[in-house]
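I've put the structures underneath this note.
You will see two complexes here that share subunit A, one where it goes with subunit B and one where it goes with subunit C.
Take a look at the complex of A and B:
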């Protein structure tokens, strides 16, 4: 069959027109794509991506002055003196708190139990640290926790509110509006309501934890203390308790940690209920590495084998701290 | 025509883009990112009201405390009224799903014993500012499980209570098991006045809670004489590594300077008891040494040595009991003989000679 010559359609477009139209279409499409990319914020438009939104906590580690030791350990039975001595062993509170700072103190006030039962941070432990912070020139001291039981009852019965009243500390209650969604890439903790309001105001954050036995995770110390900042049905994390406790070392880098082992709840924790559950150990340890502090507390305050504390190993392996406190600079004093 | 359609598409794209931009500026975080349900849970958790009910009252199933039928009656009229105590807040109640809201990580220990309900309340002392008493009534499904959690948490240094056989005073509180209820009365301090008030309250509550020892026959067969205070234990399962030894009661005894551990298990019938005893004997025959046994007048006994520790275990009627892990064979035999003599005094049973 003979090939016919192609004749242009007089009503059609020529090559120049075709290129022009293609360029216009391409530019329009490209512009739309670029505009879409510019405005694209997944959480705004796609309900399935809510978990991508939320706050993360800044580091509260101060670079003011390097502590003189990694762990400050003080032995004594006067809680005020022993706590002061442990912090002094690090070089003093002035290495951590500056004049005009707003300082958040996080005690463990999970239960409405009297201080003698050692289920909560002892009020004298709070007094010791709060006094030091105020002496360092802090503008304001906030005390915050989200207890298991009624906050008012917990703060009252634990003696925390009495110290707050006495020293003029701001006791911050976990009202609904005080929670904000946390977003982090933890092993188990990723997107969850956090008692965030105290962090909004704080320049420095200090954890004040009691050392105690815990039915589920063997021990509640400085890392576990941050559990008390979570809202929601946080008990659902109990089935992954070692993972979430190690996540707290990722969630927050506090300015200072104080672990109180003057009296240690050795059995029937975390609530206790009998003085026979409580042992007088007479030690307070301070530092900035939660993993090292808890490792020390588990070994020397609870007298248990660190090989059995899963969350410490998890945190250590994740590079969130050093469980080998023996390899660190430990300054030990006796009162 | 084509140009018209093309222009319409371009205009539509511009309108859509503009709409998206405007919508983005009006972004409502509560609509897209707020986890309202989680926040509601938070509210419940932080206020502690999730399981706090207005209704007051029952301490156990069918518990009769002055006026149990009127659930709306003020607590003062339902709970034993003790002059000098003032309620600090409402009665709180927690079930198996919400127990963690009160005792958090301690809850699983109670759930292991089939916890049913916690009723608790705080009372302040009118006469002493700042002092208070917390009362916790943990109701389990059976008296046996109530005793189980009671004994698991027991303060071995506690002092026996005169008004409750399963009860002791600790330095800052009183603890007892009555029927299906495990009662804790915690004082805010060791002050004698506070402890006195706590004791009065505990005694009144103990009277009010229905007594029920069903299923605890094994415990009743443990002798009281020479029993080491605070040594009575309940072992729910796998006692001494024996799969057949569940629901076992154990106590320690101090006899002539030698401490012995004696256990008892009550079975549903003699055949089952004989079967359990036989399984234990088989175990010791296989892994132990110096096994000797005796059978007389409906009672079978065996003794054996296991790594230098002696057992002497018998079966009689529904009961499997014996001394376990004794340092001396003769001490174990003598104790068991004494128990059999005591149990069979009416039968004028002669002392056993192995």
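Take a look at the complex of A and C:
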């Protein structure tokens, strides 16, 4: 555009300019008033005591076919075969996973440890279940955990990411944006950040827990495994550890649980650290009732007296499962 | 660059199909390529390729080659910065730019008398500088590229201003004063070049301020969990200051501050090939100053120490009076840096005085601070100050965010060196990444077996960073009748250095409660700090690690028999 020469006007601005100017001023002040009124916070609140809300997890129990047994127990030292046999004892994976399902696998990858130290879910355990799930026609398999140590190191050194790469499983890191608030009516657990992103897509959830000693609550098995779904200040959980673990049984109803006791961390848990902390037991249990499974694991894998495991009694009394696995249908196979 | 030499591959293309009228083998080859391409329909890739061929290759001036080189090295630098993360780090030489930096190698050689491991490759840069001058500054240095690009984007004004802004200023002496003071301090064992060395500075800024800053704006881009760094604002502000100064004085940092540039400037004295002006052709129009990067006076006697060998003057000269010449007339140059002897003496005094005054606070000696917990594999404190270049690569690669740049914890000399801050992270047991990326061996490249005293190193035991102590007044089971022992749970050693004893106490309300109360076994504690990091008493943990007991220094050990393996093995046996 050509520059217009400036001509002095004794009368000031013309009508057109005046209208445009006033319109602009009016629009700006009007906008300020509207914005102010719109964003006007008339009430104060007490910081830290606002009303809380959040989501709850749906049930992932499948009602496709009833399993042939309540617990499938397989004894053997080849992890892949033993894990397969335990699930087959329930009637096979097809009772739990349908064609086209998105399946979330939750291993325990809490620590930055090599698999031999038995502080994390063994990669072969993950491989066995992931292969079964893929054979059953699953569309996608998600592997997710929120470790205690730094996530990248945990996934790498536990051997979990190698299996995920190998089988084409989707590894989900506990990134900031992956958390949503959970709301539930637990004994202690009510409002807490939940690693929700894997659940957004998952049709089925399978827990893959190792059987481990634990310094405070005596044992970390399939119920304690769900600790890795939560974020936030988890270090407070220890103040009510048994209530919290029993709340996990209320928080989530998984499709299937696999408890791996081929190698069991018997001492210095949950971190372990030496091969002498690990004992070869050679058992894998599968089932849907995590209370029964943990009760079995505590008695037969760790070899301890179930009377001492407070959270199992709590969960049993709250009707979240049955700790008396002896009264249930247990199908045992030996490889 | 002309393509006339016999060795050039374009010649064969000319012979095989070039018409007699073709001006040069390159244009001929391109014309041929274009002719062949025309009948085909071009896809997007074809279009990009032909654009590249027509605009970049066809007009392949040396300054374009230079811009390509700068772009390549800048992107390579960014690539290395971004992949310095356990998830992507697959044996890439992520500290390459630091290892190529001759000032890092020379200064650490002055402090320690050695050239650590891969620092030897700095010869790859040092030797060509002796022949070509400061080409590094305008062909490779990613920080220089950042400045030039900022200037290109935001600093454009009218031509006369541009010419005047590129005249030599006496301010350019400053970098030599900085260099001399830092090297003199280095001779006394205080390594300070990293404060202003461009590669260290750029790495530090990216690791502690820029990447965490981007991750705050765009979550989950660089970190699984947001990283925080102490004093990031200061490091970021310094970066923005130097970048912003380009609008006032073009390449202010490179011309006036950069100690690496000063060092290369001193070396440029020996270069055998340089920019040369033919005074008989020159019409004194000063057009050569228009884009001069170094402010090196190409319009008169060239200041060799200031010239970045950017070739802009050759391109801007309307009468082709400037060329890049081998061994030109000595009278046409200023060979030495603009640094009179008295200034050098003054700078040396600064160096001596700076060293003496900083060391006199005793922060590296008897007055050491409990917060100065150094990464695993660190050499003892005075050696650390001889080696650490404050590049903060260790801070970038640390997977837990435990490493933080110091402010004054390690004294003035230790400014921006790494320490462990258990509030932001903890030291991962099976991790030695900090030592792997450290270019100078301030953190030695120890293996995981050496760090944890396993395998062949079981006799000497693990590297200890410090020792954990309970603050029983803040500990939940000790002071507040509440169960906890998260510290024991996460303690990574086996047997655990933290153990607990069961006690049954009568609570305030009269009810009995059975609790486990934790203790530290100092012979097993390695000072990793995960107990402190995971302690629910977040603001000032009930268990805290301090530097005492660190194995890197005999003077700072705690237990007399702490290094005696027989005692440790006895305990291992007892616990079994």
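In this text, the second predicted complex is superposed on the first by the 283 of 335 C-alpha atoms of A that agree within 3 Å, B and C clash if a C-alpha of one lies under 4 Å from a C-alpha of the other, contacts with A are read in each partner's own complex, and residues count from 1 in each chain.
Keep in mind that, in the parts below, contacts are C-beta pairs under 8 Å (C-beta built on N, C-alpha and C of every residue); 3 or more make two chains touch, one makes a residue touch a chain.
These figures come from a predicted structure and were not determined experimentally.
Novice: Identify whether subunit B and subunit C fit side by side or clash on subunit A in the overlaid structures.
Specialist: Once subunit A is superposed (C-alpha atoms), there is a clash between subunit B and subunit C.
Novice: Which partner chains sit in contact with A:246 here, subunit B, subunit C, both or neither? Use first/second/both/neither.
Specialist: In the superposed model, A:246 contacts neither subunit B nor subunit C.
Novice: According to the stated criteria, A:181 is in contact with first (subunit B), second (subunit C), both, or neither; which is it?
Specialist: Touch partner of A:181: subunit B, not subunit C.
Novice: Between subunit B and subunit C, point out the one touching more subunit A residues.
Specialist: B
Novice: Is A:225 touching the first partner subunit B, the second partner subunit C, both, or neither of them?
Specialist: neither
Novice: Give one of first, second, both or neither to describe whether A:121 is in contact with subunit B, with subunit C, with both, or with none.
Specialist: neither
Novice: Of the two partner chains, subunit B (first) and subunit C (second), which one does A:108 touch, if any: first, second, both, or neither?
Specialist: neither
Novice: In the superposed arrangement, which partner chain does A:288 touch: subunit B (first), subunit C (second), both, or neither?
Specialist: neither
Novice: A:255 contacts which: subunit B (first), subunit C (second), both, neither?
Specialist: neither
Novice: Could you tell me if A:266 is touching subunit B, subunit C, both of them or neither one (first, second, both, neither)?
Specialist: neither
Novice: Under the stated touch criterion, which partner chain does A:149 make contact with: subunit B (first), subunit C (second), both, or neither?
Specialist: In the superposition, A:149 contacts both subunit B and subunit C.
Novice: Looking at the overlay, which bit of subunit B runs into subunit C, 4-12, 22-30 or 94-102?
Specialist: It is 94-102.
Novice: Across the two complexes, what residues of subunit A are contacted by subunit B and by subunit C?
Specialist: Touching subunit B in the first complex and subunit C in the second, residues 111-114, 148-151, 153, 157, 173-176, 214-216, 233, 235, 238, 241, 268, 270-271, 273-274, 276-277 of subunit A appear in both lists.
Novice: For the complex, give me every residue of subunit C touching subunit A.
Specialist: 85-87, 219-220, 224-226, 399-400, 425, 428-431, 476, 482-486, 488-496, 500, 516, 530, 534-536, 538, 576
Novice: For the complex, which residues does subunit B have touching subunit A?
Specialist: That would be residues 10, 13, 17, 20-21, 24, 27, 29, 32-33, 35, 38-39, 41-43, 45-48, 88-89, 100-106, 108-109, 122, 132, 134, 153, 155-158, 170-173, 175, 184, 186-190 of subunit B.
Novice: Subunit C touches which residues of subunit A in the complex?
Specialist: Touch list, subunit A to subunit C: 111-114, 148-153, 156-157, 173-177, 214-216, 233, 235-236, 238-241, 268, 270-274, 276-277.
Novice: Touching residues of subunit A toward subunit B in the complex: what are they?
Specialist: 28, 32, 35-36, 39, 41, 43-45, 47, 50, 53-54, 110-114, 116-117, 146-151, 153, 157, 173-176, 179, 181, 192-193, 214-217, 220, 231-235, 238, 241, 268-271, 273-277
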